[in-house]
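A short write-up of the structure that comes next.
Labels for the chains are A, B, C, D, E and F, by order of writing; each one numbers its residues from 1.
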């Protein structure tokens, strides 16, 4: 996947508005109300305290703007950029109370999303030169699916399906009920429209051979050994896309990529991602 | 803090409903629709693949129930319990399509919340026997503030303020604008109602002395050395509650607790928490 | 496509609730309040006044249940059934005010959805025996996308993509900007994840040849003559799926199907569908 | 009814936002993201491919503006205008991705609403010179009640009640329970406030005479023959407003109007309306 | 107006849910969580501390049920009943935490709505024996329009229009722009559908004569003296309904009613209504 | 409490939008649509008809702006100001229809909020010179909690807790279940985080002594005689904050304040507050 997706402005506004309402509660930012004059003006700098890939600048921007449309936010980086420690991400200027009230929400989005982008990027780096891509799963924080998948793209990763509805992924339970891999894939082909891709999960080479014969678009090779993966790649000979999952971490990913699979999926880059430390330094002027 | 809080049923329903809508999209779970008969019935077992503290059972329960109120969910553990590998958390029985459609949402809540409870618990264990408590911050995943703070409690942690509105936390910017620690605390006391606590953040012992004189409810000692913390505890002599933050991790937390502070706050137990691996094993019967 | 999809209960509840709120306004059903005792009980029969395919029974059910959970709704048909004139669709029994208040919403869903299912079915009948399927487009009533696509399935039709996000459809504007069909398809392949299908729209055989060479999943042949369609089918030789659109109506659809294309898409079965006349006959008993 | 109503800006925004969210889903317009540079600029022209009455320009405008407030939309017609084939409705200029992403939603509103306005207008033309007006019913697409009633006005039609709460319409079931036409009207007069009109539906002249004696504001003559309608007009002698319904179509409406009734209501102009074909022609410039 | 309206269950649920969410905030009822065992059971009695008309029982019921569907609520009175001091309104039994958490919301609705019903009733009593009715206005608490108008009915009052959309009320500004009372009424008649009533506000007898000639449904006589009101009644001679407003209070209302007007409207019974003191007495048992 | 709080712009928009939607219904302001040209322009002046403290100007402003962002609203007063009869609060200029359509919502907020501010102010005046402050309770209009508490501040009052979640208030039921005042306070201290204040309600001096010994932050003295209050103040000797409630009205509040308590809480300043009469005088120009 190349090129960055863009999050819909409607999605950004809805997510950031909900986060601000969650933080402001009923009484708002009582500390700023108590200690800062209503007209005081502040300058602030968003910058990273860690080396990493930044993601979430449009959401941070929205956090400030939703509390005061007159706040100026001038980005000095863009989502997907590698940011050195201390590098300025954006300059913020305007009403001091509003900037401080939006600070935490802006940073929570930036830290979580940049954390995802950064760890994705580090997985991607491990497999440079192979033909494989790193991709996410549906193991995402409830409510942040689209935002986390966007952050994965910022880190150079690729996206798996976004939900239960935009692609078929046949797993062991479906196969058991359908009466076999062949039957399950046939059922999916018969059931789905022509713009839906069909993936099937297998965990043995026997299942893989059956699956391949039934003509899915993608086969997910779950928890296979490197030897099994290599054998699957050989058997497949480019017919369908192959995705590997299970036991994917920084120490194993290069070897898995080396087997020749097309995609390696892992939840470590979404629901289990660490954060990237990003801060806001503020200077407030009287009024 | 002792005793588990209860999440409001309204909050649970709203959060789980949003997560299900996010995952089902417009067309719903097309894989299950294609491969599983509408009336097929399934039995399933939620169990942990890792040792840890479970949290989120009521949300998992709601995920199944919202898709089909006739699904039976019988918990065999309760939030806050330490769960061995393989231990059953709950038994689920009912419509097979609905169970498979709700599976990922149920697990995403359980894995994230149990991850928080488990890491909180491991911090808490490090400081057993000291008088200190571990507490969270406002560095939480946007949209999940109350749910993450509940999970912290499940792990034996304590809760900091829930938002900008339920307590005052005076930081360097507020102090700078107000004209000093003394002035900022006085402003907060004058501004706030009698049911609002006032905390002030300091990073030197000089500031600490000024803060103490102004009579806040809590002082946050940020990024102080162990020696400074000990000195602050000595000076304070029990007058106000003391909270330490900065450089808190598994290797430092015991020493920090040993200084005699009352609370140690860290974002590692919320926005930066790892997940706990929990799975659903399903058996589907025809119909 | 075989087998009926199921609409998510969350989607049904949300759509029907909004429709009831729209009809009840602020003061509710003032006619029933004025003329019918609060405890009066009614029996009612939903039946069709026209021959057609029924669709929307779960939504009609929800309309009654949301106003009074004690109302009993017993279906005597199921979505997708061909209904003779006068045939009972469901029996409804319970509080008289609630039944009359929900009547119009229940019927508006049934009439619109059954109208879609019925016209889809009549298109499908025209092409029986060919290998082609009838499918819908994104020309749908705003707010009813998933519901209309479900009704198309009830009539034996197939579904195109559900939105801008679940499949790629490259049109003339995209081709123009990308610098040609080849470039546009390459861009989409590079940009999208491995579970996204790529369709490209062409209106000449020259464009078709270019498109084919670039390897999309589906080609949409727009407004082509029957000769051109046949030629495209010949050239394609089963390599990709072919979809025809433009000038599709009851008099042309069989000939188009006869060319050998796989899919024929038309907005006549969604946004431009007629209704099916369905009514509710009520008998009210005092109390 | 003369003069066009104005839809509330809050209603427009809410309806269009929901339609955009429905179309953009979680990942947004992936085709435009893949093939069009983020900064590319487009010019576009909205124009009609059929002769008809246009309706919905403010909603089309909102669709573009909600995705990018910097898009310029310059109308060259206004709602209610008769539009020749090829006539420009509005010129749109701005960000190319946003214009293409909003296109379908803008057109779906315009095509549905203009379809309603156009068929209403053709009914209205049939009865020119009589004293009758064409009006809509509560048979409307769920969720679009106010928007469809606005489109009816754009076509020269008149509006019946907007919901169950803003006027009384006594039908056979209400009459049966209340114990007769006289009793039902008396109940409604006693129950309702002084700003609520009362209409009663009758299907025989006997009922009509009873109804008239009870003093409603309007009588709905349902499924009566032309002779019966004429007789009802004669008996009424201008006392109350008379509305005819049942078997209303393009071939019967003039004769019905010729009987002297004041209003003719039909669902053919709302839930069963065809669409008007409107398109967007786009020219995209690099950047 | 006779007979009590019924509030839609959808409106009740939405209003009570919002009120509970407002009161529970993020952390819920921390006092009950801290001091009451999760399984403790309570019995409680809702009773009035003042003589008055009760209104709002269905909303109180919903408050308890939304927090715990197993709570039993048995009413011993119904909305519109005159309640003596100490008289039991309902008995509540079930989970102790849930009952205490819902208490304030239940009481806030009951106290506000019963306050409205009670003051309405006392106005109604003042004019017993005259032909006049007391009615409300659009001066209502934002967000509670339908609920307050329902409470007015519980007190024996009548309802004016529910919003700007369900009836016409022409005031001085409309008259000034339209070019006179005659022109304004003509404009409204031409503009509106046949199920909309038209009222015009006048403040002199000259305006009243003009208004009457133009044939509105209702004339609002604003701030007229008793002599003027009597003269208007005489001139009108039963042709249209007459409504008086301005300077309406407990000491003037009987005299105003004595002039022969049909309706007397006042905001004192809605936005300016006092509360009725209602309480909940709870007995909690261990578990 | 000194200094005015600021309501969050998100809260203002949400509340005012809901109120406008409630008033505009489905068809909007049909009177203005019928009688006023779409382009007519109006000037208007918001002014008070009574002496009082104004509150709600930002909400009135939002009402106009949400219907037409081009309307200019220039305040000539600010929330918290004492306004003479006839004094201009704000000048409004712009589209005539929009101004008239927003008028009632703007005034309903202003009248209710200014009524609260004004009565609060009159209570505050009664106790000038004592050390006591007037504060509100949770007896507020459902849905307006934060807005009413803001208005209390505008009148010089102080705020009690905003909900069940931001402070502990232990009442008789909690004490009974917990096994005594001492046990209940201990339970709360053990349960709650370090930023939550604990208040306990007592109604005898015996209870007060027990409560004091357990070390709460605040004690609420409910329905005590003046002698008892004085005795509690004496015993307390400044240790905790004391709040008095019960039988608080304009005739008793000064005496209660004279006993030396710190806070006097009453619901008379929120749910039971009268309104302040505020009006809008409009001049409309043709166009």
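Brief remarks on what is shown
As a convention for this text, contacts are C-beta pairs under 8 Å (C-beta built on N, C-alpha and C of every residue); 3 or more make two chains touch, one makes a residue touch a chain.
If you're wondering where the values come from, they're calculated on a predicted model, not measured in any experiment.
Note on connectivity: the fewest chain-to-chain touch steps from subunit A to subunit E number 1. Averaging Cα atoms per chain gives one point for each, and the point farthest from that of subunit F is the centre of C. With respect to subunit D, maximal separation of chain centres occurs for B (centres as means of Cα atoms). A straight line joining the Cα centres of subunit A and subunit B is 22 Å long.
Subunit D and subunit F have Cα centroids lying 44 Å from one another.
Among all residues of subunit B, those that touch two or more other chains are 3, 22, 24-28, 30, 33-34, 145, 159, 162-163, 165-166, 187, 190-192, 196.
Chain contacts in this assembly form a complete graph, since each chain touches every other chain.
Within the complex formed with subunit E, the subunit A residues making contact are 22, 25-26.
Only residues 3, 5-11, 145-146, 149, 159, 162-163, 166 of subunit E touch subunit C when the two sit together in their complex. Taken in their complex, subunit C has these residues touching subunit D: 15-16, 18-19, 22-37, 40, 42, 96, 100-101, 104-105, 107-109, 111-112, 115, 138-145, 162-166, 168-171, 173-178, 184, 187-188, 190-192, 196, 267, 271-272, 274-275, 282, 284, 286. Of all residues in subunit B, only 17, 20-21, 24-28, 30, 33-34, 38, 66-68, 97 touch subunit C in the complex they form. Interface residues of subunit F, counted against subunit B in their complex, comprise 1-3, 135, 158-162, 165-167, 187, 190-197, 199, 217-218, 241, 243, 262-263.
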